[in-house]
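Two complexes follow with chain A in common, the first pairing it with chain B and the second with chain C.
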Partner chain A sequence: MKITVCIGSSCHLKGARQVVEQLQWLINKNSLKDKVELGGAFCMGKCQQGVCVTVDGEIHSVSPESVTSFFESEIEPKA
Partner chain B sequence: MRKFDTKVQELKYKVLRTVAEEAIAGRLTETLLDIPKMIIPGKTPTMRCCIYKERAILSERVRIAMGGDKKNPNVIQVIDIACDECPAAGYEVTSSCRGCLAHRCEAACRKGAIFFDNHSHVAHIDKSKCVECGMCSKVCPYSAIVVRTRPCQNACKPKAISIDPDNHALIDNSKCVSCGSCVYQCPFGAIMDKSFILNVIDMLKKSENGGPHVYAVVAPSISSQFSYAKLGQVVAGMKQMGFHTVVEAALGADMVALGESKELVEKGFLLSSCCPAFVDYAKKNFPEMAKHISGSLSPMGAIAKYIKSNDPSSKVVFIGPCTAKKVEVRKETVAPYVDEAMTFEELQALIDAYGIDLTSMENSPLDNASYYGRIFARCGGLSDAVAEALKEQNIEFALNGTACDGIEACKTALFKKSKNVPGADWNFIEGMACEGGCIGGPGCLTHGPKDRMQVDAYGREAMEKTIKDAVSLLK
Partner chain C sequence: MNDLCADIGFKSVNHVGEQLCGDHVDIVPSGDDSSVIVLADGLGSGVKASILSTLTSKIISTMMAAGLSIEECVSTIAETLPICSVRGIAYSTFTIMNLRDNATAELIQYDNPLAILLRDGKNYEYQTTEMTIGGKKILKSVIPLKEDDIFVMMSDGCPHAGIGQAYNFGWKREHIIEFMETFASVGYTAKNLASLLVDECYSLYGGEPKDDATSCVVRLRKREPMSILFGPPSNPDDCNRMMSLFFSKSGKHIVCGGTTSSIAAKYLGKTVKPTLFFDDSGLPPIAEIEGVDLVTEGVITINKVIEYARDYLSENNSYARWSMNRDGASLISRMLFEEATDINFYVGRAVNPAHQNPDLPINFNIKMNLARELSESLVKMGKRVKVSYF
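Coming up: the complex of A and B.
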């Protein structure tokens, strides 16, 4: 599974770093390191919806507050 | 209002802008020969002896705006017919000499080069003895002794400029480091940096038609440019031109600060590798020191490599104040990551050629790097960042660095270090070819005393306060 977090300026200002850090922590905690590949991208063209995160190409809007629920619904069951 | 330091910059801008406009409209091949007339339409000369010479020079400028002389590997090129063949006689006694009794000039000259006319008693300089020290000029109470040197030769600290048999400036490519100092200093605009904006326009056109994304990597010195618009508006304007997004080279600088600090601890002595003109200068003049040059990519290279690792088909264009970057992007270690480099002057020309009014744009944010990455733009910033990187990584290392402001200072530091002169026990040499650092670069639109403060202010605006936090995003 490939997860890409937008780290462009707009998403960065909305908390992309916190999103990346929490995702890393959650992936490690759930021992999904072998199954999930985490990457970054500069701008996905949907700056209004940031922080933008794609899961196998499908785009989602995530915030530092909603990372855990996003992980539980979109990543954990599918990985 | 566009703001330029000199009329030469303004003329260069007009040429770049017109060439870009024609290329964007897809009619450059048809209108190419008309461009000089488009820029100077009337029959009255505006800056030279006649309109024909003006247009002949403009044709050469158009050629340089389109990539210049393909046979010359240097990006800095002399326009022979634009060179005013300035006097270069060195120290000369002028008619202001009153033939006084004091003869301070004679007393000041340690070489015995001053002699006097038996009739009028005025001073003369024996050129076979004169070493151009200038002492006679300093002591003359009538300021009667002046120095005639060419501004290009004065500007060229690596001493790469000589005078050819036709009296034109001649660049020795084996000495030139492409710093562009002569480009900015020649009052006749006879030395120019080749422009590759046509490559950039081509990439943007292809991207518009579904081709690869084009990323703009901008140098932090952009903070002191574009005085008439906000930085956010410039970023928005660049996106409107067709750049997929704009990324701070300063984030690459954060990466470099971490990398170079580790390398420094490992090797014990390091020369910085950020400034391509400094790297070139060190290699050409102190080959025995070359092995100490950091193996890190420059900030531009580092961030471009990261961009390409995530978007392999993409194109990356670097935009900064630097002419030497145009050489660096063609090096085989950098070429895979950066596709083209252009200056702020060229960016200004492109923004206007695309018909973008920056002052009416919404603000688009630009925030990727930390304070430390951003202050690389001014002299001393790199040293500060390396010190911070050591601290953040809890590495015990007694950093003893020197920040060299301009080629002359680089030369002094490299010389002292190579000879182990007492006091030169530095373990880190930050070399910046341009005075003040990148903010003094020849491709800047403005070179003001406030630039350094603006860079620091811009640094403080960064959301990330530490290098580690800024770089932690890059997974």
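Coming up: the complex of A and C.
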């Protein structure tokens, strides 16, 4: 499974760093490191919905507050 | 004509409690590859010293740059300087460096500590001839220049640092030579070398300088072209034209901006590989494109670079940070401030619709202001900057 987090200007201001760090932590904690590949990407062109995160190409809007629920619903069951 | 250029930088610290510096450095370019640099140290400190040294350096640099002889300059100063009511003399010591075509340096020194020349990273004793003009003993040297020559001119506040505190008799010239030799081959800019010396003097004085201390460094270096790309073109049809102009330039290439980097990657037939490495700078991570020397995010990173540039041009307190760190802004600062001498700046004027949001501090006008301020700062650093808008 491939997850990319937008680290462009706008998403950066909306907390991309926290999203990346929380995802890294959650992936480690759930021992999903072999199954999930976490990467970065510059602007995805959907700045209004930032922080933009894609899961196997499908775009989602995530905020630092919603990372955990996003991880539980979109990543954990599918990995 | 050679392909050398002079990197000139200076820094002063004031006598404790004084708002004005009694030392003054003036740089007057005379033609493309020639300039006159004068470091003057006025008698005493504070306002009076500041007036004496400013007058001296202004008069000498202007007259020398206009091609007048040293005799005329010295006699003009002797007749112009106001006489100190306390001491009954008009006095300002000076060091003049007359750079000609970046090929020879004429040094004229009067009572300042002898300028240091570091050649191939080591102290080089150059010849001086003594002459007397208007009763003043003046030392003159003509030195053919070599690549990587570093001249360190200073006021006596530097060797006097630490008298009676850190050292019994201050910091001697040979100690300063030893200190500067350590940094000679690192590649620090003239400004940073001058700052290193003056900051060291400041700490030897225990933070309370008993005299104004100034250092002016002139570093001869090879010209280094560099190109930086910031923003996509306003007309998408210009992408290829902009990219082919950008990538055809020699030297290193820097690409700033998310959309911009994907256009550059597409042009090169490569992919953008962003890293997820965050540090304590608060800046977005950098990325990699094969064939590009540095890829960073745009507005936030450039904003930080400008912050560093402003500081570099004034107090120069944050060089320790940008000369070490690995974040995008520090990397750009090192490449532009330290390495580059000739910069081609390609600015794209596309409006990113996603950024035109009142909640985001990154709209179009801000981007254009950043581009303008960055190029202005680079010009102030003595770089040749060519800006092209698309």
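Assume the second predicted complex is superposed on the first by the 79 of 79 C-alpha atoms of A that agree within 3 Å, B and C clash if a C-alpha of one lies under 4 Å from a C-alpha of the other, contacts with A are read in each partner's own complex, and residues count from 1 in each chain.
Note that a contact is a pair of C-beta atoms (placed from the backbone, for glycine too) under 8 Å apart; a residue touches a chain by one contact, two chains touch by 3 or more.
All figures in this text were calculated on a predicted structure; none of them were measured in a lab.
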Between chain B (first) and chain C (second), which, if any, makes contact with A:I7: first, second, both or neither? both
Looking at A:K33, would you say it contacts chain B, chain C, both, or neither? Reply first, second, both or neither. neither
Is A:Q48 touching anything from chain B or chain C once the two structures are fitted on A? First, second, both or neither. second
Which of the two partners, first being chain B and second being chain C, lies in contact with A:R17: first, second, both, or neither? both
Following superposition on chain A, which residues of chain A contact chain B and also contact chain C? 5, 7-10, 12-13, 16-17, 20-21, 24, 38-43
In the complex, chain C residues that touch chain A: 257-259, 261-262, 272, 274-276, 278, 283-285, 287, 297-300, 352, 354-355, 357, 360-362
Residues on chain A engaged by chain C in the complex (per definition of touch): 5, 7-10, 12-13, 16-17, 20-21, 24, 38-43, 45-48
Give the list of chain A residues in touch with chain B in this complex. 4-5, 7-10, 12-13, 16-17, 20-21, 24, 38-43
Would you pull the chain B residues touching chain A in the complex into a rising list? 215, 235, 244-248, 306-307, 310-311, 364-368, 463-464, 469, 472-475
